[in-house]
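Letters A, B, C and D mark the chains in the order given here, with residues in each chain numbered from 1 onward.
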Amino acid sequence: MFDMQIKKKKLSKKQEKEGVKINKTPIKAVLSKNTVTTENSDQSRELYTQGRYGVILNNGKVQLSLIETAYLTEKGTIEVVFESKRKIDFEKLIKKATKLEPNFWTRYCVFKDIRNRGYIIKTALKFGADFRVYDRGVKPGEDHAKWIVYPVQEASALTWYEFSAKNRVAHSTKKKLLIAVLDAENDVTYWEIKWTRP
Amino acid sequence: MFDMQIKKKKLSKKQEKEGVKINKTPIKAVLSKNTVTTENSDQSRELYTQGRYGVILNNGKVQLSLIETAYLTEKGTIEVVFESKRKIDFEKLIKKATKLEPNFWTRYCVFKDIRNRGYIIKTALKFGADFRVYDRGVKPGEDHAKWIVYPVQEASALTWYEFSAKNRVAHSTKKKLLIAVLDAENDVTYWEIKWTRP
Amino acid sequence: MFDMQIKKKKLSKKQEKEGVKINKTPIKAVLSKNTVTTENSDQSRELYTQGRYGVILNNGKVQLSLIETAYLTEKGTIEVVFESKRKIDFEKLIKKATKLEPNFWTRYCVFKDIRNRGYIIKTALKFGADFRVYDRGVKPGEDHAKWIVYPVQEASALTWYEFSAKNRVAHSTKKKLLIAVLDAENDVTYWEIKWTRP
Amino acid sequence: MFDMQIKKKKLSKKQEKEGVKINKTPIKAVLSKNTVTTENSDQSRELYTQGRYGVILNNGKVQLSLIETAYLTEKGTIEVVFESKRKIDFEKLIKKATKLEPNFWTRYCVFKDIRNRGYIIKTALKFGADFRVYDRGVKPGEDHAKWIVYPVQEASALTWYEFSAKNRVAHSTKKKLLIAVLDAENDVTYWEIKWTRP
């Protein structure tokens, strides 16, 4: 019994880091128009309490963003269906999300890379940026996010206007800017930008 | 009969290397925003295993860059459609890619020329260059790339600081620097540059 | 009386550092094609020994770059004439320099801003950047430069390959990368960039 | 006596390399319009036989280019006068040459740097380039020049047209192209360019 408890503990740490539930039934979620809502269960609420995925609604369900949905589907943590109960696999999800959100695949690959490195990454739409990222081990609420993330594809152009604008967002919210460039081999290279007055 | 069989086999290898498929159906690929993904088949995966085009995704499909897509379309190796199944011919592809990626045509012409000469050419974003090129017969993983390549348009200007920077990048990544100059007739001229202390 | 004398001395040191000469005759310099050479005097050699402007030639004169010349002219430290002895004011100098050197105004504004902040800034052609900047109070020779600086115009575009290259140059020369963005009002904003693996 | 002989031998080797004659009277030379001609003596003809400066005329005098004249004047090897016998020092020479030849100072600094490194460097006007340089220990006539040299100033612009053109000159004369960039501190950085067909 003791062993099982320790094993469970280890699983929990791993799960906290990756959000992967091993040997557990995938959490059900429903895609309705552009919104994804999970079932009402302790397991689904752990998505938020452990990994800070989505937000917990008043009805006890968890609402997830399309990017979080895609990530958790790819990992096998959740299973998404239409309201009609028809299943949606990962590819269909990406296809749908790409129509709804600009630059979805690039943003998804960066989101995934950062999650896999053990960071909590959430939307930063209210700040005028793509994502905000918390330092390892930090949860939203405990402390402020450390970075604003700007995901781009290697062959895209950049003007210094945009670069300045992204930096101003970061600076005004007292965060550093992290440029995340997705290359043609789906690897992400990161550069941290700091406004400075020499 | 025996000779003819061996000859056919040799032709097939040559075709596979260059991306020319004789007597084979073009591989299907879908363009979604600026990502291109092939069908899920052994033939499509050979694009990667034989020619190192793109990357193989978890779902068994191959993701190609726009430049690789244009090249394989021009060769008749793949056939690209929109999500709506509407076909995209080579010219439409170039037109679309040019809107999405600055300097696309110059980069494409150089990519094509190097591929036609039998070299594997991939992104070099991590290093700070457009492309990295492996010596003939060498695949990524077997050995390091031999060159980094900067494709430029003959009419463009450059400062000596930028020229010096390209050399510094090559030197720090232990590769040779190749400048590929595209002229008005779409021909490419190559110059190998080496820092030297006479 | 004693206090006033000390205060005067301090002002002189400060002025010498910034290139402001109060109550001193401007140093004469001659513009010949695109080279500027000062008179042969102790005062002119102080430009180098105190402020590290230019280089001291074998004949005891100081050779200045066009950018340093423009800066010291604007400050009233030097007065430039043609070989014919005809005077050249600051505007004529800028006009002439702009014909000879691409990107002159952008580079000048950044150079001026960094000098005004009390740093020594010199060419970084060998490294592959426009300028190298030494930490406050540090002279070339005493220690290595702290930053390499790339001055850019806000409206100009850049590719991620070029961005990556600048970082590679900084990394390989063990310096920090400073991008100096000049806006339409001639103000400079600085961003320090650091490659990072989150 | 023995010691003096060895000392002299060492001096000769040094002199061969640099073309400096120590403890010998400077060779007289006359500037007439744009041409510089030395006195008629064995010592002056050594300029050619030892160091390949200039050309030996039918009358036994040596005709030097303005750049060679400036270099040998700066070294104290020759002393130049006008036809009127009025002396011309190094500075006056530079001033005069700058009016007569474009880009004189940049070309002079590069010429000087290459000579100081022990190479023979001559004009390459007939090839459409600035200079041709022979490998160390090689004299014109013994073997072909190794490089065509293209001297430029760090802040000047370059188009790939010009770069291509310079390279074509080198390639058609079976030489490599050496780009010599003079920076603001009068140091020269060299890059060797090789036309290549991958």
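In this text, a contact is a pair of C-beta atoms (placed from the backbone, for glycine too) under 8 Å apart; a residue touches a chain by one contact, two chains touch by 3 or more.
Keep in mind that this is a model prediction, so the values were computed, not measured.
Engineer: If we look at chain B and chain D, which chains touch each of them?
Structural biologist: C
Engineer: Could you check which of A-B, B-C or A-C has the same interface as B-D, with more than half of the contact pairs identical by residue number?
Structural biologist: A-C
Engineer: Which chain pair shares more contacting C-beta pairs: C-D, or A-C?
Structural biologist: Between the two chain pairs, A-C has more contacting C-beta pairs.
Engineer: Would you kindly state whether over half or under half of the residue numbers at the chain A/chain B interface are used by both copies, giving same or different?
Structural biologist: Looking at both copies, the contact residues mostly diverge.
Engineer: What chain lies farthest away from chain B once each centre is taken as the mean of the Cα atoms?
Structural biologist: D
Engineer: Suppose each chain is reduced to the average of its Cα coordinates; what separation in Å results between chain A and chain C?
Structural biologist: Roughly 46 Å, centre to centre.
Engineer: Need the CA-centroid distance for the pair chain C / chain D, whole Å please.
Structural biologist: Result: the chain centres lie 32 Å from each other.
Engineer: By residue number and range, which residues of chain C touch two or more other chains?
Structural biologist: 102, 125-126, 157, 159-161, 164, 167
Engineer: Based on which chains are in contact, what kind of graph results: line, ring, star, complete or other?
Structural biologist: Shape of the chain contacts: other, as it matches none of the listed patterns.
Engineer: Could you run through all the chain pairs that touch each other?
Structural biologist: Pairwise, the chains that meet the contact rule are A-B, A-C, B-C, B-D, C-D.
Engineer: So in the complex, which bits of chain D are touching chain B?
Structural biologist: Residues 114, 117, 119, 133, 152, 154-161, 163-164, 167, 178-179, 181, 189-198.
Engineer: Inside the complex, what are the residues of chain B that reach chain C?
Structural biologist: 102-103, 124-130, 157, 159-162, 164-169, 171-173
Engineer: Write out the stretch or stretches of chain B touching chain A in their complex.
Structural biologist: Where chain B meets chain A, its residues are 32-35, 54-55, 58-59, 63, 65-68, 83, 100-102, 104, 107, 122-123, 125-126.
Engineer: What does chain A use to touch chain B in their complex?
Structural biologist: Residue list for chain A touching chain B: 74, 90-91, 95, 98-99, 102-105, 153-157, 181, 183-187, 189.
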